[in-house]
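In the two complexes that follow, subunit A is the common piece, with subunit B as its partner first and subunit C second.
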Partner chain A sequence: MALELTPDAPSGAATRFKQIADQLLPYLIAVVVAFIVIGLVIGLMGFDVLTAYRTILFTSFKSKNGFVQTLLKFVPLLLQALAFTVPLAAGKFNIGGEGQMLMGAIGAAIVGIIFADLPLLILLPLVLLASVLFGALWGAIPAWLLYQFNMNEILTTVLLNFISFSLVDYVAVELFRDPAAGHPTTVPIGAGGELPLLISSPPLHSGLILAILVAAAVYIYTNKTSAGYELVVTGANPRAAGVFGIPVRRLFFASLVIGGMLAGLSGGIEVAGSHHRLIEGMQSNYLLLGIIIGLIAKGNNLAVPFVAFFIAILEVGASAMQRTLLIPGEMVFIVEALILLFVLLSDVFKKR
Partner chain B sequence: MDQAQLTNFAKLVILAMVPYVLASQGTMLGGRTGIFNVAQEGIMLVGASVGFLAAYLSNSLLVGVLAATLVGGVFGLALAYFTTTLRMNQFVIGLALFFIGLALSTLLFKFAIGVTLRPPLVPTLPNIAIPGLAQIPFLGEVLFDQNWLVYFTFIVSAFLYYLLYQTSFGLELRAVGENPKAADSLGVNVTLLRYGTAIAGGMLMGIAGAYLPMVYTGTFTEGIVQGRGWLAIALTFFGGWRPDFIFLGALFFAGVEVLALRVQVIGSVVPYQILLMLPYIATILVMMPAFKGVRAPAFLGQNYDREKRTQV
Partner chain C sequence: MQAVRKTFGSVVALNEVNLHINRNEIHGLLGGNGAGKTTLMNVLYGLYKPDSGQIRLDGQPVEIHSPRDAIRQGIGMVHQHFLQVDTYTVLENIVLGTAIKNRPTMQLAEAEQRVKALSDQFGLTVKPQAMLETLPMGARQRVEILKALYRGIKILILDEPTTNLTPQEVDSLFESLRVMVSQGMSVVFITHKLGEVMSACDRITVLREGQSVLTLDRAAASPESLVQAMVGDELDVADSLLFSTSKTVSDPPDRTQPPILAMDAVTVLGDNRQPLLEACSLAVYPNEIVGIAGVAGNGQRELAESILGLQAPSAGRISIAGTDVAQTPTVKLLEKLVSYIPEDRLQDGFLPSASVGQNLILGRHRQEPYSKNGFLNWPVINRAARRLIGEYKIRTLGPDDTGANLSGGNIQRVMIARAFSFPAQLVVAHNPTQGLDIPSIEFVFSKLLAHKAAGGATLLISENLEELLLLCDRIATLYRGRIAGILTRDEFDKYEIGRLMSGARIDS
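Now for the complex of A and B:
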């Protein structure tokens, strides 16, 4: 049921290096094969394959703007991936990161708009806290349904996504509508709720640092603390964990709530950092990418940030490719799904 | 609501039932041998896209339905291969197939049609009144003056019920989902049955997807499935993994969908956003008691390794 988490076995530098190389090799092969497959398709469609490759892989590094765009994509992707991997460690599938993110964004926007006059030192923490709490609530509903009724969490988390879409619409159209915007959008939050910028042009907000700190905390929690160890043990074998006195069902609950908090924070950061308002459709496809990242990283929270960064590069490249070469950006989504499939397959063949 | 309105409403509910029933029977079929497909949403999207494109390019709705059946079957085959032969995690593979379906549906449409301001259209499925039966007051008009996929759905559901509960083959099939080791020891080909049900299930989901452009929109759009695939999983649990209860349960799902649209059109004091949430909230509410009472196949979502001594 659960994915195998990679153990951190302490050992000598040489064996350690070999271990890492052994783990990276399948990834490398997966990426190369996925690109070959997609290159064939792009070539058959009559596009220039090498230009397409170059655009996908190097747009992020060709300009300062491209690199900042990549970092801005990296932040929500990282948090979404963690919102998936933390429950995954306990063997639960959180497919509700999208709804939790939107709820976080709603919480952040409501607080940021109502208390718009408060100074930065008070408003910004409130905005972020609201996003975490709203996300936690949206994670707690499926958690409760699982705890109380044994209701499949894949199902409930997905259904809550659809409910959150309508809630966003309600807040952006009925409650705080910005009449100047054509698309359902709220009025901006107070200036005190905006995340300070690290670089002003192109704007890069400090949510990046926050996200990295949170990722580090999550890694320490799941891999270095006994509470996190209980979570992993539960995921590996719930029955055995129960025998050893671990409150399995309560951990399922907690893992989904933590997932909700992480996804909620990603929504809060998008509002406080990037948009400064709630915009319908702002969730983009972060949920799906987050799940792909979590699965490619095989639930290893140390690997998640690196995979997330790689996927952010691909995503920025994909939109550049769509703009300049008119190759549909969904092509890159196929690349990502293929990488996932090949990484998973490599496990199967390693076992044989 | 007068008689004519009531008839019309009931007719719309039957019309809206079809994708739920087909996708859910497909889920049930795989689940009965232990394969828990969670790629419905993706398979339905591909079915809608491929079904529409094939129908549009060949000028024949039947070709569209067949193409969607085929592509759904391929997804089912992939699911069976990765989970039954390679024994990879069913949920992970299901999600991966969901992603691929999602991306492929839009990609194929963009490649075949390109970006156009005026979407290409296929005619919607015509109603075929069944002589004699359609003359029955009320029920005749509601049930027997519909398009052929509605009749197909009736027949599939009845057939699956007969197959599962009236034949020894059905007994073997159910046994695989309950205890594959015991079934295996009695000479039932577990692998074959898992492949068969996964493929057939995928086919039904593909048809469920193709139904949407052919009945509602006339064209393919990215949001066409709108969570119906996920709701179909809910319906499967709600229907207790039984073809008959799934069919009846779909009345509820379709009823809520039609009702929410209805009230939106008529207008009400309730904001429309609340109405849009209604199907999802109603689903969660009805699932609460359903999940307590219902027993899913014991081996649902688990792979069978005949060389292993114990199965968890």
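Now for the complex of A and C:
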């Protein structure tokens, strides 16, 4: 590819706008095509396609409840996506977000139950700190195996997910079982460990603000600091990074631990904000959606919150569609997968 | 070849190129990087299909669709990177792919006779039963040429054949080529080295930007006219460093001062405990350029990386301006003491997925003004990047452009810009001019000389001997990880260095 442009091409607001538009276009096409494909399937199944579209896209905006539901979905999705993109920046794949989330939730629940009597100002920070530390531990294990023995982090992070499932069972069944619940669930955490509500009806907890602040911090870290620059360089070319004095292996380690902290926090916020207890299965499919968000955003941490919000809209729309139209909610998962597929395909075409 | 045109996407690699090769001649194909020399020959050899144009052999138009067709028409090519099977013998490599008699038993006596006859006839000495992996570069090249001759070719194309050969090997190659053309063959000799063209070729065609600029008999050619044809109007040849006929006036360094780089009996071991660098002692003084000559893979990389603290020596001591390298993290060395231009720009220096701006600050990213209190100052970085892009003529959209959009030569400019964007006591430059066109090479040379004039020390590791002879105050030659000898400027002799490069063992 020859660039016949002068070195000092104008970078005014107009070119800037055009650049952004050029970048957004493939996404728009991907979304439209994905919806057309899924529309065909829904139509063939004998459902009303237009009503389905409307439900998927607009449930979030039709009622206050829908919007709050969307924001509540957005919080764990955002943090899970960041738990994937931060290690990705260093070229490492963290597929252990759900295990780290559950560990974070376990940490939050244990602290919240044992110290249930402490006041809000002390207990809430402790609960959240515990979730971050437990998540960090679950990220540090694969990080250490990678650092010390060069074990592939994809494998180890995935396998640790399974261990975390058993640990949730142990905590929710053996340690702090709530006998009233029919499902493996702990007793609730102390009231002081609950995140304050921003709106009381429908309830919207302040984890939203926390998540947005964390996302901003992650963006500043990866894009505006020297340390974050080293992370990005390591991911771009570890050998060159090493030649220019960057401690590559230490950064691999750090990136996986940070990923664990972010995922752990998502578990802590779910416990302190939404459920107020540890529930088996609370990880939902946040891991997979987080990875999809991270990949659609192509690892760009500025784009992650926007993509995460869009996916949250689709997820809320999916549940509504399943409830009201009896169309399987998995259809929306297909939409999300297709969007990712088309976004990746657009890269291939651009290169030609 | 007439009016040959070849495009890759929107890039016109060859634009209506004409080339006439006579019988009994060595034809030099001269041009800078990216001029289209290799592309043109790949068309002739059937590797590329031209978009338009005609190839005629003895007046008859021919269609060449594959190397097989080319060989059938009597055209053979020796590529810059040999395509050989290391674990086969010389003879097996030569007959590979031909119709072998006695295929099941591989009784190759007859073939061996033929190879021996060819090798005697053209002075291409090889041992047919030698295992290929044991041979030095020069012998491997002779195998490659014999491979072509064995297939009965009449036109031999050599792509940059003198890279990595010692001067002695170059001379014997030219003698063999002379014998070939005296017996009715034609040789096309692709090169960017002017001296070789002037000494070896009968006629010369110069390519520039995919066009044949001119064709001259050697008698009618002068170095100045060829250079001007190669570079067009971009360079004032009369003032050029690169082609200065008188040697660059060199201000001799004062070696009574303490050296900037001091290496004392440094040994670096490889994975299998074999020494890759053995007992190297070397000093580079202020105001001095020390060259490292040697065939690639004789410890050059280990030398550079041990100076940067990337490979820890098992014995010996390295210090830069009094700072012990073993005690100092590489990041600190890069801050004030060393600038590094790595050999393999793609592997060791470049970030394809990062922006041009991010690429330009690598190694300086914790230093003011780029960074303050751990935060990057992007406005300053972008301003600096724009200045470097302009000053070093990096062809790119700007600091935000993705690195992967840059071509090889432009990537090299990024390496150079990065190295010279901050003052340093010592510059370690490993093949800094590879992949650059002539004006850029000129620019790199002037940067190196300016660094010297400012009192800096330079370690210039290069496979290009001419470059070393032109710029250096002293030249050390590496052979199998050892410094085989150090010559000062008044002792410079290409052949002496060649002997040192081959371990003082003269290949016949």
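Assume the second predicted complex is superposed on the first by the 341 of 352 C-alpha atoms of A that agree within 3 Å, B and C clash if a C-alpha of one lies under 4 Å from a C-alpha of the other, contacts with A are read in each partner's own complex, and residues count from 1 in each chain.
Following the convention adopted for this analysis, contacts are C-beta pairs under 8 Å (C-beta built on N, C-alpha and C of every residue); 3 or more make two chains touch, one makes a residue touch a chain.
Values in this document were obtained by computation on a predicted structure and should not be read as measured data.
Of the two partners subunit B and subunit C, it is B that touches the larger number of subunit A residues. Applying the stated contact rule after C-alpha superposition, one finds that A:I29 touches neither subunit B nor subunit C.
Touch criterion met: A:V232 reaches subunit C, while subunit B stays clear of it. In the superposition on chain A, A:L198 contacts neither subunit B nor subunit C.
Of the two partner chains, subunit C is the only one that A:K224 touches; subunit B does not reach it.
Of the two partner chains placed around the shared chain by superposition, subunit B is the only one that A:L341 touches, whereas subunit C remains out of contact. Residue contacts after overlaying the shared chain place A:F244 against subunit C, while subunit B stays out of touching range.
Contacts of subunit A with subunit B, set against its contacts with subunit C after fitting on chain A, overlap at residues 1, 3, 237, 239.
Of all residues in subunit C, those touching subunit A in their complex are 9-11, 305, 308-310, 329-334, 340, 342, 347-354, 358, 361-363, 365-366, 371, 374-376, 378, 386, 389-390, 393-398, 400-401, 403, 405, 407.
Residue ranges of subunit A in contact with subunit C, taken from their complex: 1-3, 5, 7-9, 11, 224-227, 229-230, 232-233, 235-237, 239-246.
Only residues 38, 86-89, 91-93, 95-96, 99-100, 102-104, 106-107, 110-111, 227, 230-231, 233-234, 237, 271, 273-274, 276-277, 280-281, 283-284, 287-288, 291-292, 301-302, 312 of subunit B touch subunit A when the two sit together in their complex. By the touch rule above, subunit A contacts subunit B in their complex via residues 1, 3, 45, 93, 95, 145, 149-152, 154-156, 158-160, 162-163, 165-167, 169-170, 173-174, 237, 239, 288, 291-292, 295, 328, 330-331, 333-334, 336-337, 340-341, 344-345, 347-348.
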